[in-house]
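Shared chain: chain A. Partners: chain B in the first complex, chain C in the second.
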Partner chain A sequence: MFSRADIRSSIKVTALDAGKNALFVLPAVVIFSTFYIYPFFELINLSLHQWPGIGPKTFVGLENFQELLSDKVWWLSMWHAAYITLIALVFQNALAFALALACDREIRGQKFYRVIFFIPPVLSEVVVGILWNWILNAGTQNGEHIGLLNYFLNATGLPQLVHSWLSDPKTALTCIAVVHSWKGFGWGFIMLLAGLQTIDRQLYEAARVDGAGSWRTFLNVTIPMMIPVIMVVVILTILGSMQVFVLILSLVNQGLVYHTEVPVTRILGSMQGTKQFGYACAQAVVFGAILVMVSFSFKKISNLAKQA
Partner chain B sequence: MRLNRYILQDICKNTVLHIFLLTVTISCLFPIFWMVRSSLMTNQTIFVDHSFFPGQLNWQNYAEAWVKGRFGIYFFNSIIYTVSVVTGIVVVSSMAAFAFSRLYFPGRDLIFYIFVAAMMIPLPGSFVPLFVMMNKLHLVNTRIGYILCMINVGLSLSILLLKTFFDKMPSDLEDAARIDGCNRWQIWWHVALPLARPALAVIVIYNSLNVWNEFILANLLLNDKTLMPLQTGLMAFNGAFQVDYPVLMAGLTMTAIPIVVVYLMMQKHIVKGLSSGAVVG
Partner chain C sequence: MKRFLTFLCGTVLLAASGCGQASKPANQIEVWHWMTDRHEAFATLARQYEEQTGIKIKLELFAPSDTYTQKITAAAQANVLPDLYGILDKKSIVGAFIKAGLVADLTADFEANNAAWEKAMYPKALDVMRFSAGNIDEVKPGIYGAPLDVTNIQMVYNKELLKKAGITRVPATFDDFLAAIDALKRVGVAPFVSGFGEMWIVDCFASNYAFNIMGQDKVMATFRGEVKYTDPDWVKVLTIFKTLADRGAFIDGIVTKGNKYAEQDFALGRAAFAFNGSWCVNVYRDMNPDLDYGVASLPAMDQSRPVRSWGGAGSSLVVNGNSSNKDKAIAFLKWLTAKEQQAYFAETTNNLPANRDAGTAISPVLAEFSRLVEHTTHPSIWPLNEDPLVIEAFDKGIQAIIIGDKTPVEIAEQVQSVKERQMKKAAK
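== the complex of A and B ==
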């Protein structure tokens, strides 16, 4: 038996009761410390060591980080991820916003569209990657490029465009970015639409009474009201796109080649390929720090915009 | 006359909008259609025949994928992982969230904030030390190791969602239960959990999608082909020297269809969860 005061206020709780209460969070805390907190500190610890995965670790201080600074492939992979992110930010979110605006009007079939646009996001990256690999190019057969897109280009009289989209360094990254955007725009769409629907309709009425056209209304009512949601979508897009890599593994199946390297594939490569566990962790620490800084600076901007 | 002009304008606008929306709809659905279509071709016709509706449908591929492609085993594994991870998350996170919301003990709020903070910090390379630790614990290539890791992945968000839900729940029913002599566990099980059904639905669906589609940890922790879930199984099949494309497409379809069907049945909850997530975020 325990009284109401026991469980809700911090004052009258006996040690026994507190212990019984704490039992409820015990499983969560145990799992979380083992699989999140411990690896978190071990990540930092390992980044200061040199270790091939077995045997003793050698403490090397910040050497891994120094090596990282001059690692051209690493910074190239960073640039690749940034490129994918940039395309996703501009095109994927512009598309998502346009679709959300179109669906925000009283338009027939709104529900239908909403259901359909979220189908690509529920598919796994592996499925999407293999599927688009099949469409973009499944390699060559008898010296001819196969794949639906190339067939289509041939059939519509654009044979000069036919090539191996995914093995050509010039187009591979853009293809990855496009497929990534195809998979991801539904997220932005749903969030932006939810945001649009919280805007008070009276604001639109007021703008119209004041004689504002639809473009003015969009600039002066919709955009300012949507800034917080837009910022959330932007941050999530950045975090999601910078860390994309399963899609790349499954889309570009010729194995890892330098022109499609991104940070996470580098980390994985240092760990599984060259067995430099310490170096892999140093890469992860730097990458994580960069992501945290980027998302925090965007939160700051968002807060400033809210005050203005 | 004026009225007509406005109606006409409106019709034009709506037509343009529908054309735009329908184009995107087709671009969403066509690749999926193409996947299903390709899964019904034979190895001879798949590279030659580009018609949308081929005359002969080769259902044989599914049987072949299920047995020879080992997708039957992968499918079974995926179901085991999804069910056990989601059950684990529901039990563990609802207990924790109930305590965070209703039961006091010293350090409670601090622990809760640590859970929330973990959600905000992206940890892209954490799989490296995680793999090292699992190796030390001899949990690599075991079902339980993968399941525990995946429970952890879904924990933070589920706890946050459920705690917000419990906070808003009136305490009258709990008080009544307490007067009737229920202890903490009975209140959690008989009162809190049944009331939290809407929030639990969101958690179940969100985490099911997540576990079914998970690749990276499965790839690191499960090398044994009898333990692989569908996602890593697909990659293993795709990485073979000579890829049997019709069978691969059949495997893809088997992986994608269950999740799409679940989504279509449950899409209301998913959209609701996402929208509330956006507001929380």
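== the complex of A and C ==
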């Protein structure tokens, strides 16, 4: 049995420990509060104001959000981001998966390919923009095409396909999505390859013993085992693609009318171009909420898939 | 353990105390600028000043200008602006900085000694930082900054390409310009390039023609809401872009082209005409030292009015109103804009000096730009400016006309509807 004094002293020790623990956590709490919590609440606060970025703020309540609901360009930009995301999900991830499968086998130069495929993601988006600006350039000099793609099309007897790729509303957004996918597939490649290498080889041998062919093994072994990794890659692709903007600025500057607008370029435009900081914050709040909802939905889907 | 806890508490306290504005050394002036091409010259002058006065100039470069603007805005909000800085924004924002006490009033310094400093500067350059009595931003009248150089935006032409197309005279009228475009197309030369992927250039080009076609009073009346954008004169301004696009005047991809790429195209002889600022002299020299080109005003639509292009102060610096080194910062700014320093600046960076006595060192092409300064204007010196959302609708609309998405009349109607919406909002 413990005496009252023992219990009191143990409580004292526990309280002292808690105090010490709190002190240890304090720097992290201060840093987190200063750089995450305070800006988050300040963002919401600003979204309720009209403010040109300097000087007094005018409280306007939910007016910015009301305006946002009827802002056609904003919702168009959301659709553009969804389009880029869709292309990235299909094109970028299919390419990443195919290359990861190829590199998972015993092939010559496996390490070399891994390095090559990981070069685009480590390049700056501005550098990628400059590079693709040259590839997609529509100009000519002394009758010769300057852009690599148009030069190639012309040289291979396809001059009818020569095009002003980034200045035509029919192709500009798709070009941006393709460049974005080219830049991003390396991340998916590395993650999917790592996932493939964690699959127990005995499962493949067991499938072969049972008479399963390559396609059946892929469907019944590889895909089910890869679902958690695929879901992570999908969520990261969605979040990365929805927030693409440096590449757009680098490829088409301030945009081709409104055909290449995405939410982040709209938010930037509201802040820098039209000096509506409050409205830009309202856009950021709505956009952030949408991204959080999308992420949670996919997490839910991922859990269901794992259970299945 | 005790020692560690003391260290931890100390760290937190230090971090907390670092949140305010730290005191600055009395013998040091901190300058933030964005002029990548002028940094070396700036640094040389800063060293000279330190040798002469013992005052250290701490020069910090933040580029490009968009990044610089963000940096300045954030520093203004946190009250950590340097002693000298620039505000690369609309005059209303400059006004907001002044009203917040972040910019020192330099009027007394400019007017001292029989206004010696003021008289030394080109008036057009100084006007950009001047607020007149009754200004719409409700700023106390005065001069709030000093210009370092003068710029203006004009049409440049490649002499060799014009000769190749058999054009003997630089087009002075719009009809001459259309004829020149046809001649250039016949010899396979792209007639015109500019950075129309950047809205300010589109806006500048369009407002030059708006001033030429209807005059400043009518443009200002439109900004006040008294004239509609659907007025035939505005439709005429928008139609210029359709005419040029239909005629094949624009280089392929002009609507998404940044000015850096446009400068490259002109420097490498891919287009015969370009619309660019006087800073291009420096840029073209670096890209192609052998480029033979001249400078002219945009061809006029209406011969009875001059084509007034944007121009005035290129880069101006202001003194932080809260700086403890205010007087020293003003003295340095005065020294920087004096004849000798301005001559050095002009000579090494190929920019037009803001000090009128320092103009002897400029190159012949720059002299052509200089000749056209008297016909310039700038949104910063207009009595009022258009709502930014209307400007965005107008500039994006012009892009839409160029790519054939919309007609001038459709864009005029769209811009007018944005204007009416903004006026209703302002009235609320």
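Things to note:
As a convention for this text, the second predicted complex is superposed on the first by the 262 of 308 C-alpha atoms of A that agree within 3 Å, B and C clash if a C-alpha of one lies under 4 Å from a C-alpha of the other, contacts with A are read in each partner's own complex, and residues count from 1 in each chain.
Heads up, the rule we're going with is that contacts are C-beta pairs under 8 Å (C-beta built on N, C-alpha and C of every residue); 3 or more make two chains touch, one makes a residue touch a chain.
Since this is a predicted model, take the numbers as computed values, not measurements.
In the superposition on chain A, A:V252 contacts chain C only, with no contact to chain B.
Once the two complexes are overlaid on the shared chain, A:F59 sits clear of chain B and of chain C alike.
By the touch criterion defined above, A:L148 reaches chain B but does not reach chain C.
Contacts of A:W79 after superposition on the shared chain: neither chain B nor chain C is touched. In the superposition on chain A, A:V264 contacts chain B only, with no contact to chain C. Note on chain A: of its two partners chain C and chain B, the one contacting more of its residues is B.
When the shared chain is aligned, chain C comes close enough to touch A:N137, but chain B does not. Within the superposed three-chain model, A:L166 lies in touch with chain C and out of touch with chain B [touch as defined at top]. 20, 24, 27, 53, 138, 141, 146, 253 are the residues of chain A that lie in the contact sets of both chain B and chain C, per the superposition on chain A. Against chain C, in their complex, chain A makes its touches with residues 20, 23-24, 26-27, 30, 52-55, 133, 137-143, 146, 164, 166-169, 172, 251-258, 260, 269, 272-276. Considering their complex, residues 1-2, 4, 6-10, 13, 18-22, 24-25, 27-29, 31-32, 34-40, 42-43, 46, 53, 95, 98-99, 102-103, 105, 107-109, 113-120, 122-127, 130-132, 134-135, 138, 141, 146, 148, 151, 155, 182, 186-187, 190-191, 194-195, 229, 232-233, 236, 239, 243, 246, 249-250, 253, 263-264, 267-268, 271, 277, 280-281, 283-285, 287-288, 291-292, 295 of chain A touch chain B.
In the complex of the two chains, the chain B residues touching chain A come out as 14, 17-18, 20-21, 24-25, 27-29, 31-32, 34-35, 38, 47, 50, 91-93, 95-96, 98-100, 102-106, 108, 111, 114-115, 118, 121-133, 148-149, 151-152, 155-156, 159, 175, 178, 181, 183-184, 188, 209, 212-213, 215-216, 231, 234-235, 238-239, 245, 248-249, 252, 255-256, 259-260, 263-264, 267, 270-271, 274-275, 278-279, 281.
Interface residues of chain C facing chain A in the complex, by the touch rule stated above, are 1, 5, 8-9, 11-12, 15-16, 66, 69-70, 73, 76-77, 90, 92-93, 96-97, 99-100, 102, 188, 190, 195, 197-199, 251-258, 261, 265, 268-270, 388-389, 392, 396, 399-400, 403, 405.
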